[in-house]
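In the two complexes below, subunit A is the common chain; its partner is subunit B in one and subunit C in the other.
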Partner chain A sequence: MNPGYELPLDEAAYSFGFLDEYAKREVRRTILKAICIPGYQTPYASREMPMGRGFGTGGLQVTLSLVGPGDTVKVIDQGADDSVNAVNLRKFIELTCPKVDTTEHTRDASLIQSRHRVPEMPLTEAQVLVLQVPYPDPLVVVEPSEARRKVMHGEGDYSRLLTKLYEDIVQFDEITISHRYPTRINGHYVIDPSPIPRYDVPRLHHCPALILLGAGREKKIYAVPPYTRAEPLVFDDVPFRTEDFRDAQGQRRACARCGTRDSFLDELIDDDGNKLWQCSDSDYCNSQLASGQDSTREVAQ
Partner chain B sequence: MKRILEVRGLSKIHGHGCPRCIDSTGPEVDSNICPHCGAVVAAHDISFDLHEGEILGIMGESGSGKSTLVKTLFFDETPTVGEVLFFDGERQWDLFALNAAEQRWLRNHRFGMVYQNPHLGLNFKVSAGGNIAERLLMSDLSHYGEIRERARQLLARTEVLPERMDESPKQFSGGMQQRVQIAKALATQPPLLFLDEVTTGLDLSVQARILDLILEIQQELGTAMIVVTHDLGVIRLLTGRTIVMKYGRVIESGLTDQILEDPQHAYTQRLVASAL
Partner chain C sequence: MGYVAIKGGGRAIAGTEAALESLRCAEGEAGTPLSLDAIEQQLRLLTSRVVSEGGLYHPRLAALAIKQMQGDTLEAAFALRAYRSTKPRLLDLPLQETGPMRLIRRISSAFKDIPGGQMLGPTTDYALRLMRLDLADESPEAFRAVSRRFLDGVDEATLPDSFPKVVDALRHEGLLLPLERNATTAFDITRDPLVFPVPRSAALATMARAETGSLLAIAYSNMRGYGDVHPTIAELRVGYLPVMLPHPVSGEPVEIGEVLITECEVVAMYEAQEDASVEGDGTENQTSPPTFTLGYGACFGHNETKAISMAILDRALQKGMRDGPSNPSEDPEFVLLHIDGVDSMGFASHYKMPHYVTFQSDMDRLRTTRDKATAAPKPQGDSA
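Moving on, here comes the complex of A and B:
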């Protein structure tokens, strides 16, 4: 972003949060409807944003409609606060929402916009998680016609999705969906929970925080309200598995930076070509590192 | 005998239709296109009963409305007017008074359909076993091991090699595709099965084996069937009672033997005579 550029706030051409009040009102109304019908893909008039579709415009519109003075916003991209997408969206929010604080700490945030991860730190009732969604409809892989998909959703007919899982097990002995795992909300609608890894799917289940999913290009908003059932589609005798990060000896890998063994890890390759594993959630990694240093300091004293 | 299906005054008109449609179409005028409004009277005022374990044949030339009739009963098409009652144990269903979800439930749980073209009945993007799994999943079975076992049994029953259950039906011969379709239709052990020209286009020895299979299934499971065909051999072999249709109307109905030995309507007479 051009550092010298400022949006002409004084000329009142842009209202608080970039979107005009009518647009925000419409998004809020859509959010209410989405919360009332857990998992239902509520259509809305996705506005043009000053960034390309696919860069998180759906999530951003939800965030900008909800944010107000006194809020603290955190933006993450694949768990990290410092990647290009996260930094740019955060800067945009800082630019268009005066008096709104931004943070990198999950604990301090009241509104968290995320791309493809649920933060490691458990969310609270006071928080709202906004996920950016590229493809909202899980049925798109089995049914190309949207009209027919709507009927299938309405009737709760997900047998063809399960057939796909059956085929996976037949061919590969396990379900090969690594992210966007179809998840049933409150016993009816199956959602595509944005490209979060399987590891994060159980965190949606009975989550104390409100989770909103916004798809800008596909013009849909859907929600997992607080304390709502979110169950991945599975067969009765094939349990749902998450990434376990075990090495060849069956040991749980630790983060190369902070040493924790209970987080989602990214695989990296260093300059010498060695494989490294590191926390994907940078805030969690930093906090683990800080508390580790605290405890070593205590030991030294 | 217990009735399983009661069809009363079923009609299907494609197009807007006009008051003169019915009088100006039919076998008497040799057309099912209304000369006044251009609507197509695909079927008009069809009534019949079907009993448990019975096989009813519907015979007629192309465009006589026999497939339309079966597709309507299987909810592939909606009728213009008419009433159909389906008796299922203690329950009685008025087919066209049900909502879409109830229709889908009946279709998945209590009916089976075998189409002439396997592309309509099978999903070629998934394996043969997957096709049967899909139908079992539709009827709310969600135990992987059980689904697999049932699919294997069904394919063995319809003489498809169980070793080939994980192959795509694309790689199967036409006869085998029909067998997979039959296995899929039978997956939920439906009391009512629709067979739409199942042997058309197959060579004679394959036809014979599929017809044998259908008869065996009917004897074993007591499934009631409606068989649509223009092949008199199939009618003679499978069915007890037959309906003859032309231009959307029933022109003759009765016991199959009677119709084949002593046809009353001129069209049926010609049909039976030409089959020799």
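Moving on, here comes the complex of A and C:
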């Protein structure tokens, strides 16, 4: 190989948002198509990002293609801003997007990139939620071939998914899908809403914010446009159930830190081996603690 | 009350960087940093692997990536690939002819002798894998003398430039179908996602930057019995391919540089009658005499295992695309979606990230179903 030429050091300075402009334009066009066909997994030529496939490269490409000076970005992982992966992605956005602010407050963010959670605080029309997606296709559990799955989606044929749910009920008397719950968008396409808990699924329904789902490794982008129907796949006589946070007495558990009883809780084991529950959404927990300290204490007691 | 905070992610990440860097430099006072030249030249097969799997012919940057990633080929190829994302695609390269390659090695296992002759070149094929203990403490003088001596007394004018291609002879005899010039431009996997079914050019491009081990494993399954390619290497060549571009003014092809590549063509048996009966509506095969079929493999750098594996899988995938796959190595989706090192390594790594929200959901489902199972045992007493 040719020795004697220099590294392109002058090229090491990356463009705004890391990706070249053509790539960002391509992602934006894909997003537009995804919004026009709610729930449709729009293929795009996903680029390699400088973090691992599976670490949010799909969401990141969406975020970097949309973000501009004046935007305020929030990044969360498992609901927390300070989770290692969220820190890493936020650091990367700060590095490659000068003049873009980052925040930990859901309220202040114009663009929220999240892994595994929808923020507790209701989103607004002025916000975009970007979810990171490992498996974009809910049919993958019943059909491994992508070509055949594409036909099934086109025909709205979700009979095998429904059969799986039915078999669950027969075998366990309960639907056993814990997260990534198949959700029908605008009455047609069924999506994998990313590994959000079932608790978050109803919060996609008629959400005022635009929700974009990016799967980098699988090279798909899909959308739940604002105020669009998002309905979990269920039977008329078997209601959809979210995670159960009741204690042995049937009481809804409260967050051990802020005392709220209306958030998704993480189950923790402290150093003494005691179990306790705490908000998964760190910003929500902090804001509950700051604003409604007195009132939430009352509820906690 | 106890309270567990998940805080300090930023500091923890900075800590990992320092720890990693300290291991890279663990030789301490006695150490000498690796030079990129040393990596590029002395670890040339490693560099080859990284340019090929990174999908960017930049041996210098590949050497840097190898140094930075402390010899991890997956990570080094990944860094190169990520660097590539920052660069726009400027143009489509016209079809490149591999005939005029400046070869350092070419062999054919199909013929005893071939026009131009078998040129073994730099290979470990027939080397005894005995430890060369003299290399453990190699003197710089001896090291430098090697390259001085190698071409000593050789008249460079007598060295051949290029060699005819073996498959051309087979084509001439009619044992291989004539080359069909495909008028459509090649599928660019960096700009278009794979939506199945995909054209052969998409499969070839995907395999050309695939992870060597993944490609080998699936090709090996085909060689061993989960497939029936039975390949013979018509020609394997390693050398420098002149890259030709039309001149912006005159339009004449101009050589703009060269890339080291490995190219492999395998021929495999092809029973015309059988295929005609399998193919319901394929009428053209019923009349044509049987011919060999060709599998093609090529990749950046010197990586013969990869080129051979790719050629075998190309042949297997062509069969799968035509007749439907009868084993995993003939299934385009199975092969093409599972051979990329950046994708597969990234996804395997991502399981190390926190998953406690989804695990909470998992526990909720397990507890609920367990409660139901113990509270109301099923009358039939089936496996639940």
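Throughout what follows, the second predicted complex is superposed on the first by the 277 of 301 C-alpha atoms of A that agree within 3 Å, B and C clash if a C-alpha of one lies under 4 Å from a C-alpha of the other, contacts with A are read in each partner's own complex, and residues count from 1 in each chain.
Just so we're on the same page, a residue touches a chain if its C-beta (ideal position, glycine included) is under 8 Å from a C-beta of that chain, and two chains touch if they have at least 3 such contacts.
It should be emphasised that the depicted structure is a prediction, and the values quoted were computed from it without experimental measurement.
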item	value
Which superposed partner A:V151 touches (first subunit B, second subunit C, both, neither)	first
Of subunit C and subunit B, partner touching more subunit A residues	C
First, second, both or neither for A:M49, with subunit B first and subunit C second	second
Contacts of A:Y227 with subunit B and subunit C, given as first, second, both or neither	neither
Partner chain in contact with A:S159 - subunit B first, subunit C second, else both or neither	first
Common interface positions of subunit A, toward subunit B and toward subunit C	171
Residues of subunit C touching subunit A in the complex	1-4, 6-10, 12-13, 37, 40-41, 44, 47, 59-61, 64, 78-79, 81-82, 84-89, 189-197, 258, 260, 333, 337, 342-343, 345-351, 353-358, 360-365, 367-369, 372-373, 376, 383-384
Subunit A - residues contacting subunit B, complex	151, 154-155, 157, 159-160, 162-164, 166-167, 169-171, 235-238
Residue ranges of subunit A in contact with subunit C within the complex	1-3, 5, 7, 14-15, 18-23, 26, 43-50, 52-55, 57, 77-80, 82-88, 91, 115-117, 134, 144-147, 150, 171-174, 176-180, 195-199, 217, 219-220, 243-244, 256-257, 264-268, 270-272, 274, 276, 278, 280, 282
For the subunit B and subunit A complex, residues of the former touching the latter	100-101, 104, 123, 126-127, 129-130, 133-134, 137-138, 142-148, 166
